[in-house]
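Chain naming follows the written order as A, B, C, D and E, and within any one chain the residues start at number 1.
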Amino acid sequence: MNALPTSSLAMVRTLGLVAAICGALVVTAYQGTLASVEANRRLALEHAVFQTIPGAVHMRAFVATPAGIVPAEGAPAAAGERFYAAYDAGGRLLGIAAEAAAFGYAGEVRVLYAYDPAREAITGLTVVAHKETPGIGDKVIHDAAFQANFRALDARLNAARTALANPIRVVRHGTKRAPWEIDAIAGATVTSRAVGKAVNASAQRLLPLLAQHIEALRQAGGENGP
Amino acid sequence: MADIPLAQLFLTTVLANNFVLAMFLGLCPFLGVSGRLATAAPMGAATTFVMLVASLCAYGLNALLTWLGLEFLRLIAYIAVIASAVQLVEMVLKKYSPALFRALGIYLPLITTNCAILGVALFQTAREYSFIQSLVFATGAGAGFTLALVLMAGLRERLRLAAVPDPVQGTALALILAGLLSLTFMGFTGLGVGE
Amino acid sequence: MNAQPARPTPMEEFLEGIWRQNPVFVMVLGMCPVMAVTVSAVNALAMGLATTFVLTGSALLVSLLRGWVPREVRIATYIVIIASFVTVVDYLIQALSLTLYTALGAFIQLIVVNCIILGRAEAHASKNPPLPAVLNALGMGLGFAIGLLALGSVREVLGAGRLFGLALFGADFQPWGVMVQPPGGFFVLGGWLLLFNWLKKRQGRLQAERGTAHG
Amino acid sequence: MIATRLNPHPPDRVRGSLSPLTRLFRRRPSFPRGLHLPEHKDTAGLPIRRLPFAPELIVPMLQHIGKPAIPLVRPGQTVVRGEPIARADGFYSLPVHAPVTGVVRAVEPRLLADGRMVTAVVIHTQAAADQRVLWRSPREVETLTGPELIQAIQDTGLAGMGGAAFPAHAKLAPPEDAVIDTLIVNGAECEPYLTCDHRVMLEWPTAVMDGIRLAMRACGARHAVIGVEDNKPDAIAALTAALPADGSIRVQAVATKYPQGAADILVYTLTGREVPAGQRSSAVGVLVSNVMTLATLGQLLPAGEGLIERVITVAGPGVTRPGNYRVPLGTPMRYLLDYVGARGGVREVVLGGPMMGPAVASLDVPVTKGTSGVLVLTPRELAYETRPVRACIKCGECVRVCPRGLNPSMLGLLATRGEYETMVADYHLEQCFECGCCSYVCPANIPLVQQFRVAKGVWRKRSATRAA
Amino acid sequence: MSTTRLELRTTPHIKAGRTVEQIMRAVLLALAPVCAFAVWQYGLSALALIVTVTAACLATERLANRLRGEASTLGDASATITGVLLALCLPPAFPLWMGAVAGIVAIALGKTLFGGLGHNVFNPALVGRAFVQAAFPAAITSWVPAYAPDRFTAFIPSTLTPPLMQPPDVSAWAQAAVDGFTGATPLARWKYDNVLTPAADFFAGSVAGSTGETGAVLILLGGLYLAARRYLDWRIPVAVLGSAALAAWLFQLWAPERYPEPLFVLLSGGLMLGAVFMATDMVTSPVTPLGVWLYGALIGVLTVLIRYFGGMPEGVMYAILVGNALTPLIDRYTPPRAFGTGGRR
């Protein structure tokens, strides 16, 4: 059909033209949707945080590092532990939410847990994403008894403020004795353990970093108050 | 990203999250080339090799694009780089290892349109794997692809001699076999969490 | 090229992909997203429409540029065009619904390697004027979407007892978990193909019988 | 050349080549896999009897593998028992002698057991004759040179009596490219029902030794081993008693297992040597001959007589007077069966053993040099054999019994699909010698042997066409 | 003229006395005591389950015969074996409708689509089992105690669940029926709670488990009977159990405090049932002698690995399915050495 070789100029010209059209297309789409994509993301996150910390109406994202806490907007990515401070309508700090993840039965289980600095306890848990077996592993979302573990899960720090005084751990169904223990769901031990492991690992990292700065977070709520 | 031991990452990618049988990636070559053992194994090897190359490229490219703040060009960049990488691999092989080229050559063009390759690049980016993790992931994906391909080829060669009813012949049979293999591989779910 | 039979009518162009060359049931192409995202009818439909969008958009552009693109770089050009449309649709879905975006996952971006799109661009759009090209692409896309929907509905009904999110059997229904898991995808598509093969064979047999009766 | 590499086995290693461990755990030397069949050797205790002469004998010119003999007689001519009535047509051919004194009625094509039509001399028995063998020219055996000895063997018209009917002289002629160190004498007789070799070993041990010595001289072997299955202790004892003092001949009891008596298998059992695929046993320095062939050689050659009769086991559920009979060659099957009381009803008549012997399509076929037995089966056995054929359930029993180490299950599946190339290239179809073990054990009743026979035929034809 | 009518057949003219039907019937006979024991343990529910699953298998097989326009193949008893085996590896409290689904899937997906007996590549019973394991993961891990007092007069509550509906939670019923019942199999108790069940409990059949997997002695007896009559390849159970025991022993040697003793591994779960009755399925196991050893060893080791490192407490079924999937490859690459094609012995 096309016996003569095409000149390089023609190839470059065409590719350039196509690249230009496509570039315009992609950039337009990107710019056009950016705002709404970000809004969607924020809404989804807020929804999850507010669900975990009842009563909260607005939140701020922070990153905790050994050097202190900084608002997430300016912080370079993955430089520390990300968390969300949730405030009520009056700008009062209701609690702190953070994401935690661990491997469950069929993949990563990601949860959002709420920490109440006043009570030094974990006060809520929402499963953000999981691939666990329907009917078994996904009980961690709705199972009332399991959720009850996270109403007041002891998360006090040790005297040196370097780690939890009592590591959070998952125990066999029906054998919960201490306030820092989580009673596993019978038949869904693996997923229960994953949730516990995730929360413990995250709390062990985050809470010591936060300890000094709770007051600052309380103040931060005022800045954004209504 | 929760920390995951490399061995577990590898085994999970090969077995429980097998690219073909659990993630539905690379189905076209899987259904197309699994008819005979003689072609299945070299195809698997070629794919694994290209996956590694693609994973390497994607890792570097992603770092570059992130640094430039051009993440929205990621897909276009990946697909272009992978296509060129395959070309390059083909040329290098032809020049330096003609024997290997003859063995893998006919499969290389097929691989370009294999979504498993792009899948490796996209998944390792989405899951924010480290460099080493990416390589292990790519190797595991390739090994899993090869494993599925070889198992399937064995079964299909044997079923060629069976009295399979007419309406089941062809793609329908291949899909049902793949389903049964997939069911089998569900036994590996949760590998490494038992202890 | 000149010896082509009569040019297909626009309607024929459109119906081509929906029935005679249905990408899912007849050509068995682009299977990866077919299986991966069809755990529910909504996901299936969304994926189908996203693919249709990319297919149509790239067909239009490829058709418009058909006289310009040198042979040597045509595949590269097509891929760039397709990848751009995929990126566009990726952002559009993100903007529309994050839930949907999470459910479809990387498979939106994987539309780019869906062989139907490149295949259509190469085999049809690059040789036809914009209108037939778009109509054909639209038909193919809708055919693909119908295929996805056929799969997604079965999997959602059995796997969750719902269709488009509506509960069908009441609260006590026992969902068949396997249907929304990978094996279910293979089994349901295998089942559909089996059914089509069987119908086709039966039709052929009936026609043959009628033929002998009359002949 | 494999032969030269493998050949100079020190004769003492023939025995020693089975590992000590194997000898410890195996009471008798044997081969892997194979079958233990119901023996049905009820005729083993009956002495060899002579069958009367049929009124008409059909003597085919082709009772051996090779070229047919050329008739020397014309219709109307009177022939004397033992007189040559046909001469050999070249080296791969055998003369034929008159099995009876009588008048030649015709020289015309007649049906053979294998379905071929072959020129035969039809002789009417002269009832009044005393049927003494008149035609003979005794030879001074010790003085014969090598070629003379081979010629003398050919003159007896002797063919292998185990079933294959390969001309004895052609087999015993030393091969050009190999050195034979050991003569294997096949006394295993592993097929059920057959006992004629057994009786010959028991009754004519001296003739056996004579034959062996002649054969050793002919082929140049310095040692001979007689392999006898251990279910024939009396035969072993009789042979042992007749052994020459020089120790060149040995009797070795081997395990009773089918198909112990297949040539390559027996070679393996007795020497541990494996005949390479597609080659003769001479490639590993051995030569195998059936015990009855050698006994007959021992009787005929010194006396200068021709082969005119042989011992045949007639047995089976359909026979009322089973036994071992000395049958004149050319005796029609119908006469033989009438004599042993096997007439009427539905019958299957098998020439040889039940595992490998072909069934005959007509009772007008004659007994020939290669007929080792006649087996008459009744509807009971037949009904059992004709039950429906099912799909292979891959029980693997055939693989576990195949003495050739093949995978009959896979071969069978391939045969059904007509994939003969694969059968030969990947699954060694050519190594199958149709012993029947696989078909015997198959619970799905798949006619594996028949499939393989067809496959081999088609494949050989195809490759011949391709070569042409 | 002779009145003899000649028959003309191919060699060999005699045949060994075994038929496919005989083999299948012998397997059923060997399974009978296991079934009887299951009914003794679990009463009406076990009986109903065995009958329902078998009936579903037979009905599906018959339907497939109709669709393919062939004669009934129910006579070869293979569908019955599939049904009985499948029922034996389902939990005793499994709802009957789910059992029927398992039976239908086993025959339809596991057997007839490939062409029926002899052509399937996976063990049909295990296909059914794996399907319902994936479809109804909750129901298939609800265990009830053996020897409930009223087992011969009443069904387990979940048994009669209406079709397509979720079964009721049986844990309360189970605890009421037998005091101190934990609702977990010995393997789950070991894996998740680190509690080892004593061997004596296994022999008494008083542990939780699938309908037919807790009668180890009867299973072994059945296997011995079949092996003695050469109706199963003794190498497979020996290889499976031997390699599992060996693997367990090595693990215990390495970390005695973490891993249980080999006897526990052999007696617990479905290993015994799987090794004797499932892995030995002729159609889906290799035919070559070396292949059979490999296949068995692979299943044994894989079972232990899945049990120790997998997400589920039990792995026999998946190990056997993997073995099935590998069978064509094993057969291909472990041919017996053809006579005259290799070096001398």
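Simple rule for what comes next: a residue touches a chain if its C-beta (ideal position, glycine included) is under 8 Å from a C-beta of that chain, and two chains touch if they have at least 3 such contacts.
Since we're looking at a predicted model, the values are computed, not measured.
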Report summary line: For subunit B and subunit C, the contact-path distance works out to 1
**Report entry** Intersection of contact partners for subunit A and subunit E
**Finding:** B, C
Requested in this report: With centres defined as the mean of C-alpha atoms, identify the chain lying farthest from subunit B.
Outcome: D
Report task. By CA centroids, point me to the most central chain in this structure. Result -> E
Report summary line: Per mean C-alpha coordinates, the chain lying farthest from subunit C is D
Query raised in the report: Measuring from the mean C-alpha position of subunit A to the mean C-alpha position of subunit C, what distance in angstrom results?
Result: 36
Query raised in the report: So how far apart, in whole Å, are subunit B and subunit E when each is placed at the average of its C-alpha atoms?
Result: 33
Report summary line: Here the gap between subunit B and subunit D, centre to centre from mean Cα coordinates and rounded to Å, is 60
Query raised in the report: What residues in subunit A touch two or more of the other chains?
Result: 22, 26, 30, 105-106, 133-135, 190
Requested in this report: Would you give the residues of subunit C that are in contact with at least 2 other chains, written as numbers and ranges?
Outcome: 76, 80, 83-84, 87, 91, 177-178, 181, 183-184, 187, 194
Query raised in the report: Touching two or more other chains, which residues of subunit B qualify?
Result: 72-73, 76, 163, 168, 173, 176, 179-180, 183, 186, 189-190, 192-194
Report summary line: So the complete set of touching chain pairs is A-B, A-C, A-E, B-C, B-D, B-E, C-E, D-E
**Report entry** Contact set on subunit E toward subunit D in their complex
**Finding:** 2-16, 18-20, 22-23, 76, 115-119, 230, 233, 282-289, 292, 331, 335-342, 344-345
Query raised in the report: Of all residues in subunit B, which touch subunit A in the complex?
Result: 1-2, 4, 8, 16-17, 72-73, 76, 189-190, 192-194
**Report entry** Touch list for subunit A against partner subunit B, complex
**Finding:** 22, 26-27, 30, 101-108, 190, 193-194, 198
Report summary line: Residue positions on subunit E within touch of subunit C in the complex are 98, 109, 113, 131, 134-137, 139, 164-167
Report summary line: As the complex stands, subunit D meets subunit B at residues 391, 413-414, 416-417
